[in-house]
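Per-chain numbering from 1; labels A, B, C, D and E assigned in written order.
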Amino acid sequence: MRKLLDAYSPHFADRLALFALLVLVVAALAAPLISPQNPYDLAQLNIADGRLPPGTHAGSDTATGPQHYWLGSDDQGRDMFSAILYGLRISLTVGLSSTLLALAFGLSLGLLAGYFGGWIDTAVMRIADIQLSFPAILIALVLLAVLGQGVGKIITALFAVQWAYYARTARSAALVERNKDYIAAARLLGLSTWRILFRHLLPNCLPPLIVVSALQVASAISLEATLSFLGIGLPITEPSLGLLISTGFQYLMVGDYWISFFPGIALVLLIVSINLVADRLRDVLNPRLQKQ
Amino acid sequence: MSSSILPRMTTLRACFVSLALAFAAAPHGASAQELKIGLSSSPVAVDPHFFNNDAVSALCSHIYEPLVAIDADGKLAPALAVSWRTVNDTTWEFKLRKGVKFHDGSDFTADDVIFSLERPATIANSPSSFTTYTKSIVAKKVVDPLTIQLTTAAPAPLLPNDLTRIFIVSRKAAEKATTDDFNQGKVEGGTGPFKLVKFSKGENLQLARFDGYWGNKAAWSSVTLKFLPNDPARMAALLSSDVQLIENVQANLVSQFKSNKDLNVFEKMSNRYMFLYTDHRDTSPFVTDKAGKPLDKNPLKDARVREAISKLIDRNTLTEKVLDKLGVPNANPAPPGMFGHNPNLKPDALDIAGAKKLLAEAGYPDGFGITIFGPNDRFINDEQVLQAIGQMLTRGGIVTKVQTQPMATYIPKAAKKELGFGLLGWGVGGGEPSSPLRGVLATTDKDKGLGASNWSSYSNPKFDATLVEALSTIDDKKREKLFQDAAEIAIKNDHAIIPLYNQVATWASRKGIRYTPRPDEATLAQFVQPE
Amino acid sequence: MTDSPASASRSSPLVELRHISKLFVRSPDLAARVAQKLGAAVSTETVHAVDDVSLTIARGEIVGLVGESGCGKSTLGRLAVGLYAPTSGQRFWYGEETGGAPGKQTERLAIDELPASERQAIQIRMQMVFQDASASLNPRMRVGAAISEAPLAHGLIKRQDREDWLAQLMRRVGLDPSLAERYPHQFSGGQRARLGIARALAVQPEFIVCDEAVAALDVSIQAQIINLFMQLRADLGLTYLFISHDLGVVRHISDRVVVMYLGRIVEVASAADIFERRHHPYTRALIAELPSLSQRHRVYQPVQGEPPSPIHPPKGCHFHPRCPFARAECITERPALREIAPGHWSACVLEP
Amino acid sequence: MTEPLPVLDVSHLSTHFATAKGVVRAVDDVSLRVQSGQILGLVGESGSGKSMTGFSILGLVDPPGKVVAGNVLFKGQNLLTMDPERLRQLRGDRIAMIFQDPMMTLNPVLRIETQMVETLQAHQSISRSLARTRAIEALADVGIPSPAERLSAYPHQFSGGMRQRVAIAIALLNRPDLVIADEPTTALDVTIQGQILALVQRLCRERQTSLIWITHDLSVIAGLADQVAVMYAGRIVESGPVQSVLAAPLHPYTEGLLGAIPALHERGEPLRAIPGATPSLASLPTGCAFADRCPRAFAQCSVPLGETEIAGDAGPRRTRCWLHSPVPAPMPTIQR
Amino acid sequence: MLVFLLRRVMQSGVALLVMSVLVFVGVYAIGNPIDILVNPEADSAEIERATAALGLDRPLWTQYLIFLQKAFSGDFGNSFVHGSSATQLILHRMPATLELAFAALVIAIVLGIPLGLWAGLRPESASGRTIMGLSILGFSLPTFWVGLMLIMVFSVQLGWLPSNGRGSTVDLFGLPVSILTWDGLKHILMPALNLALFKISLVIRLTRAGTQEAMLQDYVRFARAKGLKASRIVGVHVLKNILIPIVTVLGLELGSLIAFAVVTESIFAWPGMGKLLIESISLLDRPVVVAYLLIVVAMFVVINLIVDILYSLLDPRIRLNAAAD
């Protein structure tokens, strides 16, 4: 464990980021267990408890009964602490699942394109090129306008935005790996194409993609927040961090800072820690720097 | 529904501005003769006949005038016509104002009126045409240069109201002009208090005082209307004295602005009528049981259910808390003071027990599930209002999901009746309540031009008959009664829609500037005065 | 076809390459073709990596293939095992001796024309040992798994026998069987070379192409591996095509040496003849440049010039621009590979 | 000793790398001497520290590597303690270096001209046109055809051999007193290697330039060098005149190296390979690093030892082996 | 070169075609623009008139074919809302966006490269680590948040910079440019900085990674062995090599700068194309949306072309013909 940590990074800031990320992930996972309120259940909210400052004890008329609003409540009487935990859940869900889906899909296509070349390659890469010639935010904007709202839809949109990137990266990795002699050896040994693709090519194309996708999770979360901030993507009753920031902004300086401030801190903390950890991962996994 | 289509970006409703209250910079730059206003829309044209859109019309109101105007109380007032009367059931006569000059110096005559009434029909690519208001006219007769008679096929009691929408332009100046010519300021064909200096789409409209104006001269020699749809940007612009007046103050800033000694705030109950439409069809797409399974029978079809919904909504909480007081509970399409206001129509009070009883009577003692839809970028705190309603209904047993979306995606879906239950606001213009009655409540009938926005599929022949009669009744008293009756049938008896409140329109200015607030929410430089 | 330089000593062939050529062509895409139509000079780049090469390798023989980088020796090796499909020409495999002793009838099979299942069976009889042992081992696979993967997949060994089998094979190539669960990067260069050999041996091949298999190794390790190769041949009766740029190594290990220059075979002879009776001027230059331990303060008199680009090789004899003996005919005509002495073939017009 | 002042006198040079796995002694107590006009062959297998010795002499060791001990006297001046600016001025001017991979040593995005002119201008104030002329001469000297035209070419427009010629031309531009050549022919074909060797030999002889030729190939050294030093695991195990060392190696490692060369064997006969593999520089034994591969190792070999000088026919020889130590070793305290 | 250009033109043509279909269908799927354009007071007859007037009464594929036919002659149709040419509308707004994007690019380069070099040369130093830490922050902070914070601090609290809009402009070669006036500069500073933030981080990281890698290369060691001064090694040998990836990436990023200007333009009320796009989407003004995307993609194509040419100028190893795959 100690060794692992040393291999990861000797610097305090990097370790702090890892720790913060772990805490955030655990908090998000355990949200339904530790949050005093289900912020997505309208029956548990009371507008009368709207915009309560942190620490207020109130809430006589809600399904959960009176409670402490440790981080205050939003305009709908949503407990901010619960809302942030659930928001983290959404952010992580959206970031992880869109990235994983895109990774899986893009990786498969990229591997096939890179390994087989020919028309498969041409077809996949042309589609990816076209996809990549649209800026991500524009695709997401138009797509979400078409799809409507919901976690599934924003995942779809973010998936659509990302897959081509992985396809291209995986393809170039596959092109490099395909020409390495262990693939030639595998072919000579009469191994089946699927075995070569998945047992030999895939594991070797994966590491750079894993680093990329770790960073991509952060940018997907950020993009989700931006889209939520722009008012598309998620339903208002199931706010993600971006949406909480967005709704809270109008109260920020009226004095009700907590509605926007705490989710903002959570979002920034989440993205920064993912990026920091991913950044370390990149250095740790980069063989060129490792040799040093 | 609103007619100002350019949405504010809700999402950028960030409001850090008030921090500036303590730091607000001293006013600078602007001399008393110069006025800069921040608008919340970005109108696309200054051709008064191109696009039937409130923001465009408000912009054009600086340069052009109609025959009949709407005053600051929402009532008809003489403008380029000094008086009007019916000659017979189908003919109106307008006496025109004497001594009015166009910006190019030519005289205003009846011929210009004829030209202006004909011009809308010549603009083929209009996204929303003004012919709505002119097509009832079948004949135009110039009695003398300052008198004109307009004949309609059927009795048209609302013609003067319709003509508040038609701006008069000079035939000489505009006969060959295109919309682009108007936008580029090549047409000096208005009679209004300001002349166009430069229109920069998406940025601003620059105006100069028209010294030959027939009425009270504007207090400002030059006016710039800046288009600042972004709320925080607009607020910041006022606080940093970039502009001296803004419209649509962010709801949660109103009280802060009021207590700021450098600012004035002006409020007026708007004629924007907010309500929920409910699906009257046999089945409705988003109505489910509590577990989320679709129901084969639509509970909303039952008037008792609709009434229960209305009773579950605490309108005072909505207006006081959610809207930060920028709303007045109201059940009446015609707000108090407007022609056709029905004093019998009162908003339902919160009555959870009563509502539950009604639901039980209707066969839903345990309630049901529903999704409420609405825009998130259009009305004051629309998203918060919808969520609050969701809470209120859920509390009463109707488990409610809330879906909000930008106006652009919301409206087309609602218009296709894909949603069933949602929030709508209707700017009741023209000084009388016929437009919401006609558009929202009348049975859809393309030929008669009724029910174009009847998304709830409400249909009551008695209401229709009453409304149609009203629309052809010249006598003001009788017509007003018919309007009142029609509203009562649909809203009080049938609970066809669930009325909520009227918005309160707001403006804020730097100290030293006054604005006369208007119920139509328009921001007009001629109504801005130095203190 | 008898013009292929077959081994004189051993007449039982195992692999035969007949008029094999490999062209690497970058063909113009749609845009280039359109541009061509528009009159632009769009050239198709063609590399004659291997140009009409015929070679027969006898059962149990070690054929050394030498030449400088870019001469096509690696390509030829890959063609021989079937990693590349030839642009033209055929590969033959001589099956088990069928008849009794006197007839020595063997069955000649055109490998690439066989049905897939039969081709597969022959294909795994031909394996390759690669130059860069670290690139030729899957870095994310434990070495034991990598070695036993193919025989398990082909049913050559049973899963329950794997351990014993693996231990035996690893010991055979000089590796400690306890290292089977490690990853390639945990091995030294020499061990990795042994791993590459073990993997090739796993499917019981008869013919192994060693492509610069010792080039990346230090001298002391190189000697170990060369010894291993020789040991394995003795034990298993393997046949090698031993590709190397190092004439010293090739001379030591090979029975017969093939010299290539720019895609063509220029000389074939027994290892002894190549050194003692070298004929082709290129072979002479190669041997002359061979560093020698015995010379002190030697005066280098290298052959001039550099190998031309394989995209635009010289006409006639490819070596003529650098050849001190070049004649007029060398510039225009491609010299045929002719047998200048029994078992000694040379593509040069010079008299032996 | 009546020897003239050597061009380069390296004594007890040590370069260590601090890594996560411990201290790597890349260069450990290395002493070398190069006389004017002499060619020293520095031989060793990969990882023996021969390249790092070259870098250490020139002060080109990158972190985490660090020269931790020793002296490098160039014409009597200690390069290791010298002011960095003065060292820079010496580098490329009086001492030059040539690298292994001609593909990588020339900056791919700069014209040959730029890379040559800057080398001249870094050490003398010289006009651009004069520098160009000098550059053209230098290219001609190394046998680049039509040098004036080729001057404006980019490195990738040259073949590998030509690139190495250019690198040599650059190294020799300022007529240095000493050139350190780090495996400059390893990446080249045998015929090209011959050309480069001929070139270097000719130029050094003409200009009386001293040369350290780093290589793994003893047979190259055999024909080229006057002196040879054999490195193993960061240390020089044997050095001396080429003919003596090759004819009668003192150290078992040198002996093993020679034994592994196929040319010295009958065809097909098993080679006398050195068993085992090179040890990791991070965990060297305290005594002789070769001991566990050495056929003649004995108990004493685990005791640290220094170099022993032995007189030879062609000049003094040195080795680092207990077999040749005049002093009996103390009894080993640690049994391996 | 010709082949290269042709290849590009053909690829781009296909991309543009596919994109136009997708956007056409996409905007169609969002909804009928008539519903939000027509004044609610209008009756069904007016709705039908407007539908016909805008050509929306025909089947979608017919509409598309008509669009395509016109598009080939350079006419992307008239805006539903404005009535005037969609292309004109966009071109009118383009200079503002381009100016913003270029200003952001310049900021990213001017700040990013020196900082990245510094961090790359001293990766373990406190300053190097601080720079990298900040770059991670710049990478992570969502643009919208930073934009609002900037306004809050510099406009509202400190009152130093105007919060919105474009300042006074001067015509330069017929294009309005705001960076030549003091007022214009004050207006562009914050939005450009906001837009640049992410790219600064990107440039820092690219430069740092490139520098670290370049410093390990033999040519750097050779340059040191030649006795070159450190300034020349870093300023010429290293910089010229790392510029290649930086130019490539930045060129490609210019496209995303233009795209992300959508967010920044909304926050700072910058009168550019992005704001027009947001407005047009919210009005379902299909001709403008389609024209915008076509023009932006066409700009990408041109930018990429320029990047490739620049690339070949910077990196002599690259011949354009070889950029086939």
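Just so it is clear, a residue touches a chain if its C-beta (ideal position, glycine included) is under 8 Å from a C-beta of that chain, and two chains touch if they have at least 3 such contacts.
Just so it is clear, the structure is predicted and the values come from calculations on it, not from any experiment.
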Steps in the shortest chain-to-chain touch route ending at chain E and beginning at chain B: 1
Chain pair with more C-beta contacts, A-C versus A-E: A-E
Distance-maximising chain from chain D - centres being C-alpha averages: B
For chain A paired with chain B, centre-to-centre distance based on mean C-alpha positions, whole Å: 42
CA centroid of chain B to CA centroid of chain C, Å: 86
Length of the line joining the C-alpha centres of chain C and chain D, rounded to whole Å: 34
Where chain C and chain E are represented by their mean Cα positions, the distance between them in whole Å: 53
Residue list for chain B, restricted to those that touch at least two other chains: 9, 12, 14, 16-17, 19, 232, 377, 406, 408-409
Multi-partner residues of chain A (at least 2 other chains): 145, 229-230, 249, 253
Set of chain D residues in contact with two or more other chains: none
Chain C residues touching chain E - in the complex, by the definition given at the top: 26, 28-32, 34-35, 38, 40, 42
Residues on chain D engaged by chain C in the complex (per definition of touch): 45-46, 159, 161-162, 189-195, 197-198, 201, 216-220, 222-224, 242-243, 246, 256-265, 267-268, 270-275, 277-278
Chain B contact footprint on chain A (complex, rising order): 42-43, 45-48, 50, 75-77, 145, 148-149, 229-232, 235-237, 246-247, 249-254, 260
Chain A to chain E touching residues, read off their complex: 11, 13, 126, 129-130, 133-138, 141-143, 145-146, 218, 222, 225-226, 229-230, 242, 245, 249, 253, 264, 267-268, 271-272, 274-276, 279, 288-289
Of all residues in chain B, those that touch chain E in their complex: 1-3, 5-7, 9, 12, 14, 16-17, 19-20, 23, 25, 42, 44-45, 50-53, 123-129, 131-132, 135, 179-180, 183, 200-203, 226, 228-230, 232-233, 236-237, 239-240, 242, 377, 406-409, 411-413, 415-416, 426, 429-430, 435, 438-439, 444, 446-450, 452-453
